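Here come two complexes built around chain A, the first alongside chain B, the second alongside chain C.
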Partner chain A sequence: MGKRGIIDGRENEEPTARVPGPAYARIASLLVGAATLLSAAPASADEDAPIQLWHAYRGAEEDALAAIVARHEATGGAPVELLALPYDAFGSKLGASIPLGEGPDLYIDSHERLGDYRVREIVAPVGDAFEGEEGFRDNALAAVTLDGEIWGVPLSQKCVALYVNQGLLREVPATLEGIAALQPGLPEGVFALAYEAQGAYAHAALLGAFGGSMLGPEDSFGFVGEPAIRSLDLVQSLIDRGAVPNDADGALVTDLFRAGKAATAISGPWLAADLGETDVDYRVVQLPKVEAAGGEPMRPMLTVEAVMLSPHGAQKPEVRALAKLLASREAAEIRQATAHTLTARSDVPLPEGDAFLRAFADQAEVAIPMPSSPAMRATWEPANRAIKAFLRGELDAAAATEGARKRFDDVRRPPPPPASPTPLIIVVGLMLLYMAFGMVRAARSGDLGPALRRSLPAYRYVAHAVIAIGLLVLVPLIIGAATSLWAGRPETGHYVGLANFVDILTARGGPLLATGSFYLVLLVTLLWTLSNVVLHLALGVSLGLILARPTMKLRGIYRVLLIIPWAVPNYVTALAWKGMFHRQFGAVTGLIEGLNRAFGLSMEPIAWFSKFSTAFTANLATNVWLGFPFMMVITLGALTAVPGDVLEAAEVDGATRWQRLWKVTLPIIRPTMLPAVVLGAIWTFNMFNVVFLVSGGEPDGTTDILVSEAYRWAFTREAQYGYAAAYAVLIFLMLFSVTRLGEWRAKVKADREAAAVAEAVAASGGAH
Partner chain B sequence: MSGHGDGKDAGRQVSWIESAASHFVVVLAVAFALYPVLWVIALAFSGTSTPEARVLPIPREPTFDHLWAVVSTTREVGESTQWLFGRQLANSLIVSISTALVGIGIAIPAAYALARFDFVGKERGLRVLLATQMFPAVAAAIPLYLMLDALGLLNSRTGLVLCYATTAVPFAIFQLRAAFESIPVDLEEAAMVDGATRLQAFVKVVLPAARPAIAVTALFAFMSAYNEFILAATLLGKEDMFTLPVVLQRFIGEYDAQWEAFAAGALIVSLPVMVLFYVLQRNLVAGLTAGGVKG
Partner chain C sequence: MVAVTVSQVTKRFGATEVLKGIDIQVPDGHFAVLVGPSGCGKSTLLRCLAGLEEVTSGSLTFGERDVTSLQPRDRDVAMVFQSYALYPHLSVRENLAFGLKLRKTDAATIKARVDEVAEMLGLGPLLGRLPKALSGGQRQRVAMGRAIVRRPALFLFDEPLSNLDAALRAQVRVDIRKLHDQLGATSVYVTHDQVEAMTLADVMFVLNGGVVEQSGRPLEVYEAPASRFVAGFLGSPAMNFIAATTVAEPGGEGLRARLGDGSVTIALPPRDGLGAGRSVDVGVRPHDLELCAQGEGDIELTVDFVELLGPEIHAHGVLAGTKVVACIETSAGAGIGIGAVIPLKIRRLHLFDRESGRTLR
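Up next is the complex of A and B:
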């Protein structure tokens, strides 16, 4: 689990629907109060229910946990139900279920989330599940201690260390610079060191050597000043020497090392699991020292995995007993033997001669426990962007990190002050009054009664749909929209009136067209929608026209093949496209290399996600690919409505093929296609998956569209749901007014065109 | 399919250049459409993953191991061994088919009324319905979750179906309303003259005529439920309740992404939808034509 858990910032960027706690519960409980009364007894009532234990382990670690639990049950412990969850869904599921008294009694998670969990009241102090300080390592204890209390029982420690490919490298230089100096002597295509140079998590180890940290004192942004600048300059020099791949992500580091294309790699214990079946001869040593930092060692971030108790679980003695057992010496030994996990206990000896665990244990001693303050989460996005902007050469180190600090401070600035709800009450009251007045007037005019009576049969048909949509669609949407008037974290939120909207529409007080401002994102969104719709139409309509020709052979087969992009889940294909655009190892780069070889060209591979234009193009290619089959099918359908004799008549009249297409076919299919185009445009406007999964907003958030920007405010910037909801409301208002305007104009136009077509039909009919 | 009046042209030779050009364009498009999918397939069958830029999606050291590993997951429940993948596949199918049935079931009568009757509030209702499609779905997720909890439907397939129905029903109503509108009123009136009630006319005359559109609408509802994973991952809290996309999600992490297993799973998940698309492909055109996805 810590495999990914370590990178909290990353995990937060995954598309999960996080469901927050009490504030929403209060709002919603008003509306669903009646339903609550009807619903059955709460989950905790069942005394005999097995203990619920949630985790995100896989493979050997999961086996180890199962073995420990089996032993617990075999020795008369309370029955336990284990649930393995996708790591990305872990936090959101906890936040969603525990405040409602549901969910696990205890769960295994990374310590750095404790601060956040504590604020959200989904974790409780462990009490007597903690057997005493003597058995645990100091670093691990420090990690789970907040304000003098223990909030989780430490199980294991995870951090990165240096993997060395012994086939390529017998002696490991003691310094980072020494490793980089090996580059000229290595075989072609082999890097001296593979690590995620563009990621803030990996960079933190370097920063640590220079005495810096990502989060400074009193929750200030730490990635600034001398240590930040010097560490960045060092990375740049490593990349310039070709010793480090420029844009490796974590998975690629694994692949490079596994394939023998990296002499050394910075990675965590999870890499060993991936190397198990390969014949790479490797060993693990501590991270090197850094000459540029005066010979100080690199200091990675340390994650401590711990058993945490939910507030309702913490009250049960059998749950606390299980937590104690999970962290016991015996369990630690099972974990060490089965999963080769570095324990957080100090009284469990490492296996004799186990250099692997030894190296990680030594590394953990100099590692810095990741701060568990909720502010830590807000450091990842600005830090990641600063590193990327610097490595792209856009900004120097000082400007990049200073910009990151501004962004961090902006995201964390205090929410607007509470506003008086009186204006809202007055407005809602006036609206209700107006509606009541309208109804009374309609009733008194005498038309309504008979009209209603006439409508009665129809109501029988629509009643259940009205109820279903009202409850399932409208109520949640209205509540969702109403949260845009609140600010702050859900637990501490308060009513702020229209302050969120004012903030957004004034670009948070900055320049109106600055990166990430509402107006710039809106422009990008419009460009995105427009280019997609144009390309969808161009491709879809031309393919539809070709496939509709009766003389076309094999069109049945073609049609089936062309529909395939529509049938595959779009998150799968979006990830496939992202892989194809990888600068070093993507298929597009392979294509460029192939062309170079075949035609003796010398095109450079393109770093797709480092420039707005290319990153946008990558997103666009993906979404055009996803969307054109729909337009093609719509076109094929619309073409069946084109009467053959009209075309024939036009031909007899001497119209060329081109003229027949533009003057007859297209005008006839247009009204049928228009609604589909409008719907397609709305979908594209809100197309979250592609933007999020392919470019992820890179570079520097410039390719984000409004929906993904809203998502970031809700899920990667300290849970500002109110602010995100305000984005959603603005999106809605824009789409709504544009479609209303479009509807009206389309109607006017359609009437005119219908007349024109009728004329054409009449005219051609006459000529026949 | 052919709307073009080429009946008389049958004897005329279409120049081969033109035909070749058409095939060329279409083959290019097919290559564009299939290329990423072929990569997913190649990955699913690859024994090793080597980072290097390659053009052709050909599996390395071909193997069925990943497919087998995904399909053959089991878990121990007490004494017996449970075929976990089978249950999860069943979950996916149950949830998606129920969503399609619920969506269609609610939408058919409503869409019929919207197509055939004039009633107070019709225009306004339609506008509200369209408006719900413009609101980013994320905004409604939290309240929906709390409602399901209050109803005791969290962690159940029923709750998931209700969630999916929220998107399936409005879309189905639009689709089917347009489909019903395109069916001539004369047909029903003739039946009613022959003594059928309106309901009988609807069931016996209108529904059969709208079959392609209904099939396509059901397919869309099925597909959206079948491919969804964010809500499913948040709502479901038991491994044997998971739907397949949630299972897929467990394969990819930041550092230890098991891409081959993910691809193998993706392939298996995609198969039923592909088959449905293939079976319904004729209806797809006819159904969407009639429907025209009218707003």
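Up next is the complex of A and C:
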């Protein structure tokens, strides 16, 4: 095809109207086929299809659900198809399928997501699936009620309570202060109470005792004022007395309690599951009262698991019937017997003598249902940071919580007003026009026909690659870029033009170098990238040089050992390093203690994540560990290109070992290293895993880099995808222009060299 | 501009002894050539001189200085490598200036010297280029220039011409010798090409298996090889060797040699202490075999192969069971073909002891 044209160039002999060649025909038929499939899909969803039920249960809870569904089917209920999804992916999967009329008819999820789901219209009121208020606990009902309507049928409830190590504690004091007062009497290294003191979730229980809550009325920030300040001061005093570990996370609470290093612990039913078969003799009781709060009880947050109906599922009577059954008394009894979960029903008696469920049931009575408003999600980050900043002693309680409120309000600030899409349409229109114009011109110049004909066979070979790259790279890129022109929540968003960019580039109207402003984060990112690349290079090249020495023994073994950090998935490494930097229990602290013991020193353990410098260093150490093997491998490869006799020539020419390294070896490997350095810099610039997992932005978001900041806008601050996308676009533009600049400079240099050679050839008349 | 003295130098790599006690003296300003077959240790000796290898025992003296344990940079030598070893990342000018810059020479001097050398070697138009943009011959000249520009006391060359084609090699050979005469520095030159050795050397050292087999002026060595090895190594085509036994001249004073299978005997010039019944090798250079009139020859060669080289003919044949080559002027030997039996006069012959390979004089 087209061969004749190539050979003799007589284009007029080519037939004007062409039948598409076999390859195009195949692609076309594929496209048509795909279109048919898409359009046919909704139609094929016939009436007899089984009910789709999605859940995130595992283990015993999943067994219980299967048993209930089996009983439903056995008694003549409509067939049900169960699908278990990971909890983290649950919301996004629902959001991606239900609006298209696909996905589950009903699903089981936590009540606090209801507000969000309602706005996104992926949940519908339960209607007659709700059998009436009598059988349910008030708290559970309150949790699923939004604006007077029931949006989910409650199944079970979860909240934290107090675990007591009976080996350490016979009698449990009634008050928190009483528990803390036990500290002096406890064995060395044992805490009176272990809980996540720095986390807003755990702190909410204390806040509740003082009559506060994380989310205030009308979606305002609740963690301010008297209750916030007094609850924080109380935590501080507990830590000061040594009764509570300063920076425990969930895993550490489990470890401490399991190891008998905590007389009591605040945690949920999951701690029992984690403890499994353990030697610790424990029981669970209600959280203590708080003297400082006038003897009020601690009031933890309550999560209610509920059956929710998708809008299309809610239409079907058999789906509503299934939902009703799932929440029924019989089902609750099965769940309680099989999975030992606390039911949301009031008419199911607790098993005789089951102190564990009893305690959680009592606790749930005084718990506060977690607000289901979408604004709740935006409280965590500022509240967590406020608690941490306060416990680090950076700010007093009032300033910390006030700052948190400002941050919350800033994040919740209404999106910019809709902008007229006209400029965008004009720009896109002009671009299209320009392209069309170019094509017409090319066609009229007469070159296009033959040129196209000549290259058509080539397109056949690259077509699949072009399509794949287009789908995998170009389409997401364009969608991402387009998203950045929108603001607000995904379903209610509107076009705002460049307002997101303006917001970012003006630091949201605040000081340019304020915490969390684009410019400060950019500076940190640049510092991060630069220090990493320098250290990667220094370490990688040095090790490469050492390993490449011919006198080196056991080279192969060292090489493998040094490449290992690279081979381990980086999030695993990041988590391991985070553990090592733990202030009380990390390996680094262990090392310091060891040194102290060995040399009689008195170095203080370092609280790595409470200062920018140390937190940044911790991130840096982790990423250097992750990154140097790559540079080392590249160096080893590059060094094979350094001829030995050139080094010897330098030696005879008078170069010392050091001069040979700097003036010969390094300049020769430089061109090979350069692309690796650019690549390494880009990876580091976007090294989300390390920053997110090791320091998590601490302290106070100062160690966040641009990508982790973008992540926070999208996933912890009210799903501001447009804003996050604008960050991503800025990152892309920066990296793109930097690499282009590098290429351009390399090209200029190459051109200059070529010109010099040409000149010299001309001058020498081509001698030899 | 130093005399070089190598005394009792040995060098071993692990268990293998590569140099087995080398003694060499190169007078100031002389051009010394080390020749020998591949693997005999020429490069190793040169690298010992440069300081790139440490000697295992023995000493090296440049002029008055004992340099045995000095670093290369303290020996005031320059070396031209077989592969030229130009700095790939530096332009020709920077390549030339590299050694001077390391020695903190001031910029004006560097420029003057580089320009001078570039002028001398015709490198002017190439100064801005990188080595990868040069031809083989140009690279060779840059490598030479890099050595010259430093004005060292001693030049070391390791087969600098082996990567060039034959025509260029002949030309550069001449250039090197001229440069040496012009600069006057002492040079040590390694090659396994005996033409280079013969043409370049003031003094020649033939190495074999890590020992100096013979040294002296090239022509002396050529004319009076000290051993069968040296005799065979120098000269092209190589010397013909024929195993022989000495027999007394029937009824005469002198000796004869019974060659190879015993079918041919030739008269031997008298030699000290040589009696009848000795096992010897008779060596005759192909150019010492001269075509003569029928019946006047010392031997007769049955030709089985002929090479026509232009000025001369190489006639291959078998003499007393041994392969022999004779070089005959084309004008004299016209018409010699395969199967011809040609009478040859032996102009000159060498005798070697069979056992030791030493020359019998």
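Just so it is clear, the second predicted complex is superposed on the first by the 657 of 768 C-alpha atoms of A that agree within 3 Å, B and C clash if a C-alpha of one lies under 4 Å from a C-alpha of the other, contacts with A are read in each partner's own complex, and residues count from 1 in each chain.
Basically, contacts are C-beta pairs under 8 Å (C-beta built on N, C-alpha and C of every residue); 3 or more make two chains touch, one makes a residue touch a chain.
What you see is a predicted model, and the numbers here were worked out from it, not measured in a lab.
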Query = Just chain B (first), just chain C (second), both, or neither: which does A:550 touch?
reply = first
Message = Applying the document's definition of touch, where does A:322 land relative to chain B and chain C: first, second, both, or neither?
response = neither
Task = Answer with first, second, both or neither: which of chain B and chain C does A:261 touch in the superposed model?
result = first
Query = Should A:466 be classified as contacting the first partner (chain B), the second (chain C), both, or neither?
reply = first
Request  = Could you tell me if A:654 is touching chain B, chain C, both of them or neither one (first, second, both, neither)?
outcome  = second
Query = Who does A:753 touch here: chain B (first), chain C (second), both, or neither?
reply = second
Ask   = Which partner does A:645 contact after superposing on A: first (chain B), second (chain C), both, neither?
value = both
Task = Would you check which partner chain A:667 touches, where first means chain B only, second means chain C only, and both and neither mean what they say?
result = second
If touched residues of chain A are counted for chain B and for chain C, the larger one = B
Message = Looking at A:123 after the superposition, I want to know if it touches chain B, chain C, both of them or none. Which is it: first, second, both, neither?
response = neither
Query = Is there a shared patch on chain A that both chain B and chain C touch, and which residues make it up?
reply = 643, 645-646, 648, 651
Inquiry  = Considering only the defined contacts, which chain B positions touch chain A in the complex?
reply    = 1-9, 14, 19, 22-23, 25-26, 29-30, 32-37, 39-40, 48-55, 57, 106-107, 109-110, 112-114, 117-122, 125, 128-136, 138-147, 149-152, 154-155, 162-163, 165-166, 169-170, 173, 178, 198, 223, 227, 229-231, 233-234, 237-239, 245-246, 248-250, 252-257, 259, 262, 266, 269-270, 273-274, 276-278, 281, 284-286, 288-290, 292-295
Request  = Sort out for me which residues of chain C touch chain A in the complex.
outcome  = 50-52, 71-73, 77-79, 81-83, 85-90, 98-99, 102-103, 122, 125-130, 133, 135, 137-138, 146, 150, 156
Query = In the complex of these two chains, what residues of chain A are touching chain C?
reply = 643, 645-646, 648-656, 659, 663-664, 667-668, 670, 753, 756-757, 759-760, 763-764, 767-768
